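Two complexes, one shared chain (subunit A), two partners (subunit B, subunit C).
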Partner chain A sequence: MEYLATILILVGINVMLAASFNLIIGKAGLASIAHPIFYALGAYTSGLLAIHTGLNAVAATLAGGAVAALFSLMMSLPSLRVAGDYLMITSIGFQLGLLQVIKNLEFTGSQGGLSNIPTPVSGPERAFVFCVIALAAAAVTLAAIRWIVRGPYGRAINAMRDDELAFQALGRNATRIKIVIFAIGCGIAGIAGGLYAFYFQYVSPEQFEILASGTMLTMVVVGGMGSTWGPVVGALILVALPQAITFLNLPPSFMAPVQGMIFTLLVILFLFLRPQGLVPPEPPAPLAHRPADREGKGAR
Partner chain B sequence: MLDTGVLAQILWTGLATSSYMVLFTVAFALVLKVVKLWNFAQAGMMAIAFYAMHAALARFGWPTPAAVAFGFAVTLAATLALEVWGLRVLRARGSSGLFFFIFTLVCSEFAAFALTLVFGTEPVPLFPQILSPTRIVAGIAVSDWDLMAVSVTLALCAALALWLRLSRDGQFMVAVSDNAALAELYGINARRAYLAAFAIATVFVCAGMYVYGSRTAVIPTAPLNLMVFAVVATLLGGMGNVFGAAGAAVVLSLLQSYSVLVIPSQWQNLLLYGFLFVTILFFPRGVPLDRLRAIFRRAQA
Partner chain C sequence: MSAVLELRGVCKRFGGIVVADDVALDLDRGQILGLIGPNGAGKTSLFNLISGVVPLDAGEIRIEGRNLAGRKLHERARMGVARTWQNMRLFQTMTVLENMVVAPREYAGESIARLVFAPGAVRRAVAESCDKALAILDRMHLAHLADSPVTDLPFGQQKLVGLARALMNDGPCLLLDEPMAGVEGQAYDTMKEIVRQEAAAGRAVCVVEHNISFIKDLCTSAVFMSFGRILERGSVAELLASRTLAELYFGA
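Coming up: the complex of A and B.
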């Protein structure tokens, strides 16, 4: 039963990660691969706060999300200030640089990782409680993102992504929208990191290496870039596939690379054969019956 | 401690160490200049080049020239496959930059996973002995590896400069990098220019991995970090300026080498990421050397 609950917790966390990454890369069209580092920032912040200050789990997890969102500004402000592909370049440097910091600091546990993160729930029902929390957090994330992208702000995001020049010519501030979307996505990844840290009570830097970006890309590209439900399908595949591979009884040294190869191969195949993913993006919400839009009070 | 002997030694060692960084940077900058592609698949190509040479040397027991030729052939095949069956399809479809980015990055990751499966995660050098004979020249320790690294880099860069300037294909490549559509109107085959750019980049990648792997043990994911250096140097040198990027790689390498005097070695790599931010913040189009020179001249006057 605990096994099944753990699988569902991973599904919940991965849905949060995939949906938030999809918001950045699929909806806003921002090329970044640094999502795992924001997940790491949330996990480490929550874990460290719980260990050193005894802060309760909810506050520590939210603080993890806030720190991830703040750090996202450090990355997006300089790179989105200029046009072009700077965000994707900065994202690689940012991820590798911060991982270097985490690996070298003693209080983060250095290379060995951060262990003994206190659990807020103990006893036989621990896994079940976490399962409910993770799935509820995933549902709230999906609902919040759907609310953002189906509303006027979502239409502004679509317009910006499709034709930034025209969008700016209309007097809209594209950079501000990008920075806000990026911060929201990274903040959600940070909260997912907090959930992970409190359930598994251990985080290590190697979980958030650049190869982890590949697994996140798999969820988004295979699920459907830009679609609301695509990340759910992507996350289910990402969690189910390793469990299926486990039944092959491969040696542990084979497991990780085989899994990685399957994920990356799936991304490549989908990019060429089904670029819209398993769940294609929904058409934009109709403009009718939205007085705010008619008055021109949409997002800037 | 900071006598001229130490500083000169760091300078020489830094220059020798910068050699493979220059080779990786030139490969990256050339593809960016001609194909207009941030080729993150280069990390995968670097890993393939290294492990192909390693397999030929350590597993098949081939002599070094044959191993290098094998490494080049395998990497060239992979690179051309990437261009013909991957990038060309995306280009024909008019895919967005995001697709190119995901595709090239995921190709690198796929190569890293595949090589991990075959060769494991244990670091391996190209040769069992990574220390080379050293002599003292004017108070500076100069190893055979240093001389080999510097001479290979200088020879390849000179050959590329001459080829771009004097050969017909090189001039076509420059024309395509300026304006591919216009070049095609004049009868230049842009696809051929792209293939040539990838082939030359493969030469630089293989040479770089040979130089790097003959002194350092490599794991399949190591090229990803090396590639970030090439990206920063390309940005600093100014996109489209291949030899400017090479110069930036030398400067970055020297700065990293001299940084051991002031910061602990484990933080040395962080310097690179610092440069990345400074570059993107202040010099997103590269360091404007002409403008700096003009300011300097004006100040002198």
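Coming up: the complex of A and C.
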């Protein structure tokens, strides 16, 4: 039972990561791949707060989200002047640079990672409680992102992604929209990090490397860029796949490369054969308005 | 009363290429000014300088007396600079109406805070924008296409939508970049009529256009540009009779 609960917790966390990453790259078209570092910031912040200040887990997790959102400004403010490939390069630098800092600081546990994070719940139903929280957080994330994307704000994001110059020339502040999208997306990743830290009680810097960027990108691409339910499908597949591979009984030294190859293959196959992903984006909510033909001219 | 748009000593060069060389220009309410000249004369560049796509090297641009120096693209639009683009730059994944609803000087849906704390006000503002957009489309006989994706429309109608989107900005200054290129038939007449109406309603309009008959029919005055300089200015008839223009245009 605990095995199943752990899988579901990972699904919940990964849905949050994939959905928030999808908001940034799929919906807003901002080519950042630094998402894992904001996940890390959330995990480390909430873990450290719990260890050193005894702050309660909910507050610590929210603080993790806030710190991740705050750090997103450090990336977005200077780098939003650039776009496309340049933004991607900046984001890689930001991710790996910050990760180096984490790996070399004493108080983050350096290379060995952060251990002994206190658990807020104990007892036999611990996994079940976490499972409910993770799935609920994932559901809230999906609802919130759907609300943003389907409404008037989403219309602005679409227009910005279609043609940023024309969008600005209409009086829209594209820079502010990008900063807000980054902060929201990265904040959600930070909260997911907090959940991870409190359940597994151990955070290692290795899990936030470029490989994690690849995994998150795979979830978004396979699930469906810009779609609401795509990240759910993507997260389910990417959590289930490694579990399935364990049943192949391969030697452990073999597992990581095999997994990496499968993920990469998936992305390449999807980009060629089904670039819209498994769940294509749904059309935006129609814009309600009064009937067009007041004077009875026109088609009908 | 001073001009809506004033340009004084505007200069811009890209490396060795001079696109604006000491340009001075006044645009008044109700005026339709034609901007003509051979390709590469700096006509579109002048629009880019006014709307803030590229910064000035020197000089001054004022709208209703307010200096545009240091103002970003979106700030200038909010100060009342509305423009269209040669290649339209419509939002390709959106419908006609959606293209227009995000285009007023103030778009209520642009702020998450307002969406959270005053959803009713945002809804009302968006509904008002819809009404305004439909009224503009009505005048263009396009209202029945409001919910069509812009990419489904024929070229001439897309050009009209480009103008319709710019008209959502109720600012005093309207810059039209080759509104007639590739437009014919009914769309041509509609375009002409709408531009005339907007000027009559008090907008200051500046048109870059190669279609001389459009300029002749519509413009109250015109300037002739070449290599970033304004070479001649006057009524359209005067300009068309000018030898300089004939020489530069036709090499006569």
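The criterion applied here is as follows: the second predicted complex is superposed on the first by the 284 of 300 C-alpha atoms of A that agree within 3 Å, B and C clash if a C-alpha of one lies under 4 Å from a C-alpha of the other, contacts with A are read in each partner's own complex, and residues count from 1 in each chain.
We take it that contacts are C-beta pairs under 8 Å (C-beta built on N, C-alpha and C of every residue); 3 or more make two chains touch, one makes a residue touch a chain.
Since the model is a prediction, treat every value here as computed from it, not as a measurement.
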First, second, both or neither for A:Ala166, with subunit B first and subunit C second: second
Contacts of A:Ile148 with subunit B and subunit C, given as first, second, both or neither: second
Touched partner set for A:Asn158, first subunit B, second subunit C, both or neither: second
Touched partner set for A:Tyr39, first subunit B, second subunit C, both or neither: neither
Which of subunit B and subunit C A:Phe182 touches, first, second, both or neither: neither
Contacts of A:Phe200 with subunit B and subunit C, given as first, second, both or neither: neither
Contacts of A:Phe21 with subunit B and subunit C, given as first, second, both or neither: neither
Partner chain(s) touched by A:Ala174 [first = subunit B, second = subunit C, both, neither]: second
Of subunit C, residues touching subunit A in the complex: 51-53, 72-75, 77-78, 83, 85, 89-95, 97-99, 101-110, 112, 115, 122, 126-127, 130-131, 134, 137-138, 141, 143-144, 146-147, 165, 168-169
Subunit C partner contacts - residues on subunit A that touch it in the complex: 148, 151-153, 155-156, 158-159, 162-163, 165-174, 176-177, 180, 184, 284, 286-290, 292-295, 297-300
Of subunit A, residues touching subunit B in the complex: 25, 29, 31, 33, 78-79, 81-82, 84-86, 88-90, 92-94, 96-97, 100-101, 104, 209-211, 213-214, 217, 221, 253-254, 256-258, 260-261, 264-265, 267-268, 271-272, 275
Footprint of subunit A on subunit B - complex, ascending: 38, 40, 86, 89-90, 95-99, 101-103, 105-107, 109-110, 112-114, 116-117, 120-121, 221, 224-225, 228, 231-232, 235, 266-267, 269-270, 272-274, 276-277, 280-281, 284
